[in-house]
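In this document, chain identifiers A, B and C correspond to the written order of the chains, with residue numbering beginning at 1 in each.
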Amino acid sequence: MIDPVTLIVALIGASTPILLAAIGELVVEKSGVLNLGVEGMMIIGAICGFMTAVNIGFSWSGFVAGAAGGAILSVVFAFLTQFLLSNQVATGLALTLFGLGLAALLGEAYSGISPPLTPDLFPQTLQEGSAISSIIFGHDPVIYLSLGLVAAVWYVLQHTRAGLILRAVGENHDAAHALGYRVVRIRCLAIIFGGACAGLGGAYLSLVRVPSWTEGMTAGAGWIALAIVVFASWRPWRALLGAYLFGGIAALQLRLQASDITVPVVLLDMSPYIVTIVVLVLMSSNRVRATLNAPAALGKVFHASG
Amino acid sequence: MADHSWRVKFMGLILFIVAGIVAWVAAIEPNRNTCPNQGDHKMNPTFKRIARAVAGALLALGLAAPVAAQDDPFHVGFVYVGPVGDYGWTWTHDQGRQAVEEAYGDKVHTTYVESVPEGADAERVMTQMILNGADMIFTTSFGYMDATNNVAARFPDVVFEHATGYRRDHPNVATYSARFYEGRAVMGHIAGHMTESNIVGYIASHPIPEVIRGINAAYLHAAQVNPDVEFRIVWVYTWFDPAVEADAAQALVDAGADVVLQHTDSTAPMTVLAEAGAYGFGQASDMLQFAPAPRISAILDQWSAYYVRRVGEAMEGTWEQADTWDGISAGMVGIGKMTDAIPPEVRASAMALLDSIASGEYHPFTGPINTQDGQVWLTAGETPEDGPLAGMEFYVEGIDAEIPN
Amino acid sequence: MLRLEKRPAPARGWIIGAPILAVLLTMVAGGLMFALLGKDPAESIRVIFWDPLFDDRFAGFSRPQLLVKAGPLILIAIGLSLGFRAGIWNIGAEGQYIIGAICGAGFGLAFFPSENPLIFPGMIIAGALGGWAWAMIPAILRTRFRTNEILVSLLLVYVAEAILATAATGFLRNPDGAGFPGSRNLARHPGTDNPEIFAGTGVHWGVMTAFIAVIAACVLLNRHILGYQIKLAGQAPRAARFAGVNAARLIILCLGISGAVAGMAGLFEVAGPAGQISIDFNSGYGFTAIIVAFLGRLHPVGILLAGLLMALTFIGGELAQLMLGVPAPAIQAFQGMLLFFLLALDVLSNYQVRIGYRTAA
């Protein structure tokens, strides 16, 4: 049978790269920018983190470097879309192409190496108490960081002035500009934050989840992160829910295959996607008004004509 | 809305551009008979003449002087389905390419194109390789089968080696594959001995004969030494997705498996196994960085010897069409070093099994073997023909699972 | 300090000049990258941009291939551009392409081995219907349940891929294929193949359809009320509502058209250049077409040229790999750079660069 405790532990680990990338992209989109380059930033984060961790021998340095790598790549996007006013959708896709290529070039010599281990945050004794304690304490620090990030993003967006300004920029950049806010600067910061989060997610993939480097190893995780942001209707806690739901179904379907229950494998294989769609349909049809709260200026080019 | 004339001009411009492109494309006489995959049964000579005339008038771009650039060294091209850095299937083929370079030095020139999608792109890449002077082409994925035969029909002077396919429509196409099931039998033997929970996990990619045959071979030899063994099979529907492979390994471990075999390329499952204290086997590459445990042995794809031999034959002009299906004896399937984590007597029995397969004394599918539904497949002492074995699409008796579809 | 000033109308000169300048800049930046990788930069650039078109060894083959490669990109991108103009985000063309191919191939194979000349037209219709039906899922979920079409169309790509794998190993598998995956080869069977219309040009029915789609889109956008509604809905959604544009109908139409067109592209590909349904039959056309659509500024002629340019970099990239040993990732990064420059320099046609501070607010 399927053990719920191991399932929950597994789904948290499986969801974290997607969650990290999604929470970053959520902030970017809240500021009115659509960056479809998540996959590219993730894989750059994965290789930068991996290279650094292997060379310095310390996994924390890898996470920092991964975030930095993602952030640096996102600067290219920020420059093109905010200063040269290029189309965001196309620039994001180009970023993915470029990131995948560049990461593979950088990582040529790093195939088949194991990175330094990332220890769990809490000592083993604390984890072994009961089912609850292994769910609560049995993870590495980045998982707690990801949860903290979700909380922090939620708090900043809902309860601080900075969050209000960010949302204002995303809803109506002309009005925000007229009020004297620096639309371009705010958006650049949001983009860089999103890049850092995606990079961190990628580094988590190459340093904890897999952990090794292979070309193309993100295998579409960035696209799922984008879907999760939409699923969440741009709300941080729902991004957490979405990521864990998706990761949970993915982990569950593999467990169903491994168990002695027979369910058609083809259905199981497509179940994470279908369940996500169905849940979103259920949620959006219940609350008709609230769900379409996409930032109004999402994807639109801002140019201060004044 | 009043000004219509510009729109008319505009439409004219588009038509002109389109016609120009078509005409220009048609203007060049394909050299060395390079029409794409379709035959010429729909040819329209009148249009072609007009097109050529139009194009000639548009621009004098017809640079149709056929050039037969004959390079001095023997030119061998490789078409890969994945990146050479995948450390799996494609990487092993590239090792073969490098062995060819090493063996013949200046006498050969090798080129490759990686991550070529199956279908139209493969056909184009092969043709371009030939236009660039390739004398021999290795196409290293099953999905290149029709493309390989199509191109071979147009270039009878070039020889083709297609991996894992079965079609040799033209005398210049050979096919080759490895009897990986021989290696999987040895892995299954070790797994049967090593498991304490009697649950062996299997990470499978796609439900195709190659994978199903591997599962059967492993199961038969695990059950031979451990009648209580049970196989749990997880299909991930991908050849390469490290995160999913890791998840699958975790799911199997959580389901009680303490030995996991994989038919996917990444090392991701190994880390999960290491953490769980379970055992696994390297796949495609040796994955030695995980020795002595969890990686206790490995099944290796070794194409070098075959590639060096076939290139040599092609250079000397003794190359002939063949359908090669080599295994451990020819060195095409290798068994990675068995580590000390395996008890000495198991290592000895596994080596004995290995030797008996290598010498041809023992076939991993030797009857009596029943299919899953209890029907007799092989009677006592019987071994299967290669044909049915190559297309195997059923589980043997004892596997408690269903093949997807 | 540099600043940008919006032009009253796009500058004609830069509309043509900017892409040329972008390509030149890419040559410099890309050449630098190739030099860093130890390849001759000038030769690499020549192999990518010049040889597929003009080298006497390759051009005869590569020029038609340019159309073969660009055809599906252009066809899908034209369909997508209508929705994108109206603010309807179908990013699941890849899934519609797959389902179209499966439906079309399924129709053709159902009549195997008949060579009836009506089969191929039937396959085209079946392909279009398949892609249309697959696009109707996000469309109906959007109009009925207000479910975001970005998510639904994107996730349905993965579902389509799962169905494709099942088709190739299951219900469409070649009965004479000895248990191996993959359908019968459609291109080798006279009833089901998508032939070259003009021999040696690479122009098969899919390429022809792409050209027709370019012209049809021009007509639609310039002369038809639907085109007007699409443009209005994209530029001023509120005004569109007041003008009586039915948003739900527009969503159904735009997603339906893009889905049907992507489905047709899939069918043309599977019956022609690709030949058969296989596990990995799709090769990313649906996603690349999004780039093509925007690179062409959502304009039919722009899309035509952008599709050809993308196809050129694919084909030239392959040549660079096999002639110079440039690794495939370098080609990918190079394509990314080219897109960066093209998108960045777009600014020159819409804005004027001025030096100095803004005089008055």
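Convention: a residue touches a chain if its C-beta (ideal position, glycine included) is under 8 Å from a C-beta of that chain, and two chains touch if they have at least 3 such contacts.
Bear in mind the structure is a predicted one, so any value in this text is a computation, not a measurement.
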Among the chains here, which has the CA centroid at the largest distance from chain B's centroid?
A
Greatest number of touching C-beta pairs links chains B-C
Using Cα averages as centroids, what's the distance between chain A and chain C in whole Å?
27
Just how far, in Å, is the C-alpha centre of chain B from the one of chain A?
34
Scan chain B for residues touching two or more other chains and write them down.
83, 237, 404-405
Residue ranges of chain A touching at least 2 other chains are 104, 108, 215, 220, 266, 269
Do you know which chain C residues sit against two or more other chains?
162, 165-166, 327-329
Using the touch rule from the top, collect the residues of chain B that touch chain C in their complex.
7, 10-11, 13-15, 17-18, 21-22, 24-26, 28-31, 34-44, 47-48, 51, 61, 63-67, 69, 77, 83-84, 111-121, 123-125, 127-129, 131-132, 142-143, 145-147, 150, 166, 206-209, 237, 387, 390-393, 404-405
What part of chain A is in contact with chain C in the complex they form?
40, 76, 80, 84-87, 89-91, 93-105, 108, 215, 220, 223, 226-227, 230-231, 233, 266, 269-270, 273-274, 276-277, 280-281, 284-285, 288, 291-292, 294, 303, 305-306
Applying the document's contact rule, which stretches of chain B touch chain A when the two form their complex?
83, 85-87, 91, 201, 232-238, 240-244, 246-248, 250-252, 254-255, 257, 266-268, 271, 285, 287, 289-290, 400-402, 404-405
Given the complex with chain B, which residues does chain A contribute to the contact?
2-3, 6-7, 10, 14, 17, 104, 107-108, 111-114, 205, 209-212, 214-217, 219-221, 250-251, 254-255, 257-260, 262, 264-266, 269
Within their complex, chain C touches chain B through residues 54, 56-69, 162, 165-166, 169-171, 178-182, 185, 187-188, 190, 193-204, 211, 214-215, 218-219, 222-223, 269, 272-276, 278-281, 283-284, 300-301, 304, 308, 314-315, 318-319, 321-323, 325, 327-329
